[in-house]
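All chains are identified by letter, namely A, B, C, D and E, in their written order; residue positions are counted from 1 within each chain.
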Amino acid sequence: MKGLINWSRVKSPWLLHFDCGSCNGCDIEVLACLTPLYDVERFGIINVGNPKHADILLVTGTVNHRNKVVLKNIYDQMPEPKVVVAIGACGTSGGVFRDAYNVVGGADKVIPVDAYVSGCAPKPEAIIDGVVIALGKLAEKGKKVDQGIFERLEQTQKEIKDR
Amino acid sequence: MARTVLPFGPQHPVLPEPLHLTLTVDDEIVKEAIPKLGYVHRGLEKLAEIRDHTQMIQIVERVCGICSFLHALCYCQGIEALMKAEVPPRAKYLRVVWAELHRIHSHLLWLGLFADAFGFESLFMQFWRIRERIMDVQEATAGNRVIISTNVVGGVKKDIDKEMEKWILETLVKVEKEVNQLKTTILDDYTVKQRTVGIGVISKEKAYELGAAGPTLRASGIAQDMRQTGYAAYPELDFTPVVETDGDSYARTVCRFNEILQAIDLVRQAFAKMPEGELAFKPKGLPSGEVVSRVEQPRGEVLYYIKANGKKFLDRLRIRTPTFANIPPLLEMLPGCDLADVPILILTIDPCISCTER
Amino acid sequence: MFMTKTVLKNLLTKYATRLYPFQKIEPFKDAKGELKIEMEKCILCGVCKMRCPSQCISVDKKEKFWQVDPFACVYCGICVEACPVKCLYQESLYRPPADTKQMVCHIQEAKPE
Amino acid sequence: MNTNILIVVMAAIVLSPIIGGLVAGIDRKVTARLQGRYGPPLLQPFYDVLKLFGKEKMIVNYWQIFCAYMYLAADVLTVVLLAMQSDLLLIFFVLAVGGVFLVVGALAAQSPYSQIGAQRELIQMLTYEPLLILVFVGIYLETGSFKISDIINNYHQPLLYSLPLLFVVMGYALIIKLKKSPFDIATSHHAHQEIVKGVLTEYSGPYLAIIEISHWYETVFLLGLCALFWHTSLIGMTILLVVTYFGEILVDNITARLTWRWMLPHTWTGGLIMSFANYVWIYEKIRK
Amino acid sequence: MKQSVVVLDAANTKECTSENIISVTKKLKDGGNRLITLSSADLGDSIDILYHFDLDLDLADIRVNVPKGKKTPSIASVYPCAFLVENEIKEHFGVDFDGLPLDFAGMLYLDEEVQKTPFCKIGINRVETQKQEA
């Protein structure tokens, strides 16, 4: 039964897209993936707007001081097993705006990121490839969750040890 | 029902971009809406002081992904005015072609998101399916689907040859046919009119006083369109602004819909009258002095204030985008509307938050 | 009610989806994809480093070392035009995504004088 | 006698989630094809539910779990009662209890989205329940009894001939209950809604899976009710079901979502007029 | 003449002091002008604020020079939509507008992490300005 559940995790990844400081070039490419020409629903991917239902978090845009708190909050609200995909030059490393004063840099400065999609406004095919890579990681994390090892518990134990 | 405070938060399925509204809702009527911006503020105007003024074109293009060409056009026209550079005519026509293509794809994108806001998913899919044709044209001509970086100070980098031109005109014929098929659905469908007519009304005086811009202004009866001032090749093309009178969400939909057809016609005119000639004029020296340059974006007029003092780096770059001007009318529309109409009101001014906060 | 004609037409005609991973369409001729370099022709002059809007190229003349951060690069093609010896070029296919961030660096072996 | 009733009941409990899941799969595939997309595989709803069972349990408070299970129990009971051909009114009240538990589950969470979603779900129940009662009264006037077994055994003519308008009224209730486009006000399959996911915002993981399974039971029950209108011939019944369900999907794809301020008055007036017209028509027939 | 690109020089921008800026804007508003926006630049010791107005696509600008640390009246009483851009200038340049209706107190775009006013050459510390308001 555990194998079946883990197999179904890869077959029905629900996706949540959060735009933290992006020029919305990557956002319209993420939305373009849902439209008839690229149609990610054939992989079972639906864009749910609710972190409680989501498995994959798509982060676009340079994280700035105000929305890094929101990004962390959304990441914590998502149930395990979850993966994060950073989209575009801004999402991965801050891109052209790396030196601007309000920019923190890529999404990996705030939350652990599993897949990086490069390109300034990456094509929808590139985003689909990025999600496929993230699905591989989702399956591994799923196995860990099945054995009862939760990332959240590990983090709290690590914090207790550090203190 | 008790008075609930609804955080219409930065992350919301209806909002394509992070905008926070604290709505106090009483029996699903919005009593008060307090905005909170700053989720997309990158502070890129400060980069003008550490980046060369030719590199700034790449940064200015990435202020907003949907109207990137118009940002670059406005910036280049400002710098060209400072350096007294004369743009060759062919470049002017090419700039009009790309600007109008960008307007078509931006308005189709908006119509899709607007239909999605009131729960009409199949219309969202249809509009975005047509829009993919324009994205292919943009990728073939400029190399990138979204950020068309073909603008250079003094002209244009890439050319459109005859064979490409023929293919673009064929695609536009297909796009026009498909858009007209959907015309009755978006404009005359009973359920769509039920959700858009009479929602978010702004009177002519109120729109003018609140400083609205673009279709939000033109839908309330004021015929002001920056293309009338005749930058690039617009004086040679016959162009009259699309105006509606009753100023509600329905009027803005009609206004943007007709602008798509008008933009297709403008591209055809531009191709018909396009002269041969070289693409860019190599400007000498460095810009100095102050200039205010304005251009018509899909969402309205954008204003660039550039202050340069003869050095490689600009002294000050100030960008005021149309959505920045449309936020006060939005805040004026929101109190008193139904909760179910909040996403429609937010999308009716065609918000581009990354434009507003730069 | 006006949408029924379009919707039924969609049902009867073939779907518009390009089945991406199984059916790959050929990218456009001059699409700006992955940035590549022919290291032998490079003279390590650093013009591309200066002209890059996102400062993601680093060149070191002594160790004959050229490096680009593919995740900071925005693939705008300015360096391709600026290069005096035209050793930089852009593929038309985009760079495949990766699950770790790694730099692309090239070292020029000592040319036999 | 009670052995084959037991078999029928066991079949109903086991088979209907599978049928419900397949119907949901076909629904999503046909909706995608209507929009010109390739669409998910037919077994996609089963993958979704299986994946949800594997998610981490995040609950707001224990009331949510209790309400999710009670909602499932109520829907299973309706399908079982339908299979045992018991009394229509009894089925109606069990259905109402199920709906109330869904609302209480949503009210248990503090988030304003699920609160407003719950209030909207109550308004939706307010709209479709009188319509269902009018339909059942119409059936009673026509066949003389509320018990399904009597209707099937001693009424040998498809109900549709005598109650066509009531079937349309039933269609209204079906749209609301299946959460299809013009009236998917409380919660909607498509994500883009101003109150996020409405009633289901606070459910996640296994409890969302339970809600989804009970939604399958509900679909099977509603299709069972529609089948009642042509119970004489099997082919007639299947054609009727296919036509009504395709009609539902079509309506979902050609209308925008309307507000409940529009839904309540229009559905009530439309429903009342049609049912009284039908009653008058039946009364005429009986008097002649 | 309707021009989309206007090179500003002494001819087409009127000078004005911060005292009578409200009366000038009132006169312009009665003349049917639409406020486009306020642009500002840092001149070292003072902040140069430009008020852009538009009358049927003709640009009219008024320049006000505000020494750093001095207050200047807000024109939100004449043009209600000016409060947003005045808040922005207050955050980026540290200019205090008195009579601002909806005051974001320096929290419109920036959070506490950004201490200095970012656009001035020598940034004034932002934290004190918030303390007075809070």
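Simple rule for what comes next: a contact is a pair of C-beta atoms (placed from the backbone, for glycine too) under 8 Å apart; a residue touches a chain by one contact, two chains touch by 3 or more.
Fair warning: this is a prediction, and the values are worked out from it, not measured in the lab.
The minimum number of touch steps linking subunit A to subunit D comes to 1. Both subunit A and subunit B are touched by C, D, E. Two chain pairs, C-D and A-C, are weighed by contacting C-beta pairs, with A-C ahead. A centroid comparison over C-alpha atoms places E as the chain most distant from subunit D.
Ranked by how far their CA centres sit from the centre of subunit A, the chains are topped by E. Work out the mean CA point of subunit B and of subunit E, and you get 25 Å between them. Work out the mean CA point of subunit A and of subunit E, and you get 40 Å between them. Averaged Cα coordinates give subunit D a centre that lies 59 Å from the centre of subunit E.
Averaged C-alpha coordinates give centres for subunit B and subunit D that are 44 Å from one another. Residue positions 109-111, 118 of subunit E each touch two or more of the other chains. Multi-chain contact residues of subunit C (touching two or more other chains): 1-3, 7, 15-17, 19, 53-54, 74-76.
Multi-chain contact residues of subunit A (touching two or more other chains) are listed as 35-37, 39, 42, 47-50, 66, 95-96, 99, 101-102, 120, 123. Those chain pairs judged to touch are A-B, A-C, A-D, A-E, B-C, B-D, B-E, C-D.
Against subunit E, in their complex, subunit A makes its touches with residues 65-66, 101-102.
Of all the residues in subunit A, the ones that touch subunit B in their complex are 16, 18-29, 31-32, 35-37, 47-51, 61-62, 64, 66-67, 70, 74, 95-97, 99-103, 120-121, 123. Contacts from subunit A toward subunit C in the complex involve residues 36-39, 42, 89, 92-96, 98-99, 106, 108, 114-120, 122-126, 128-130, 132-134, 136-137. Considering their complex, residues 2-9, 34-37, 39-42, 50, 52, 54, 56-57, 59, 61, 79-81, 83-85, 107-111, 118-119 of subunit E touch subunit B. Within the complex formed with subunit A, the residues of subunit B that make contact are 9-14, 16-18, 38-44, 46-47, 50, 58-59, 62-66, 68, 109, 112, 124-125, 128-129, 132, 135, 144-147, 352-354.
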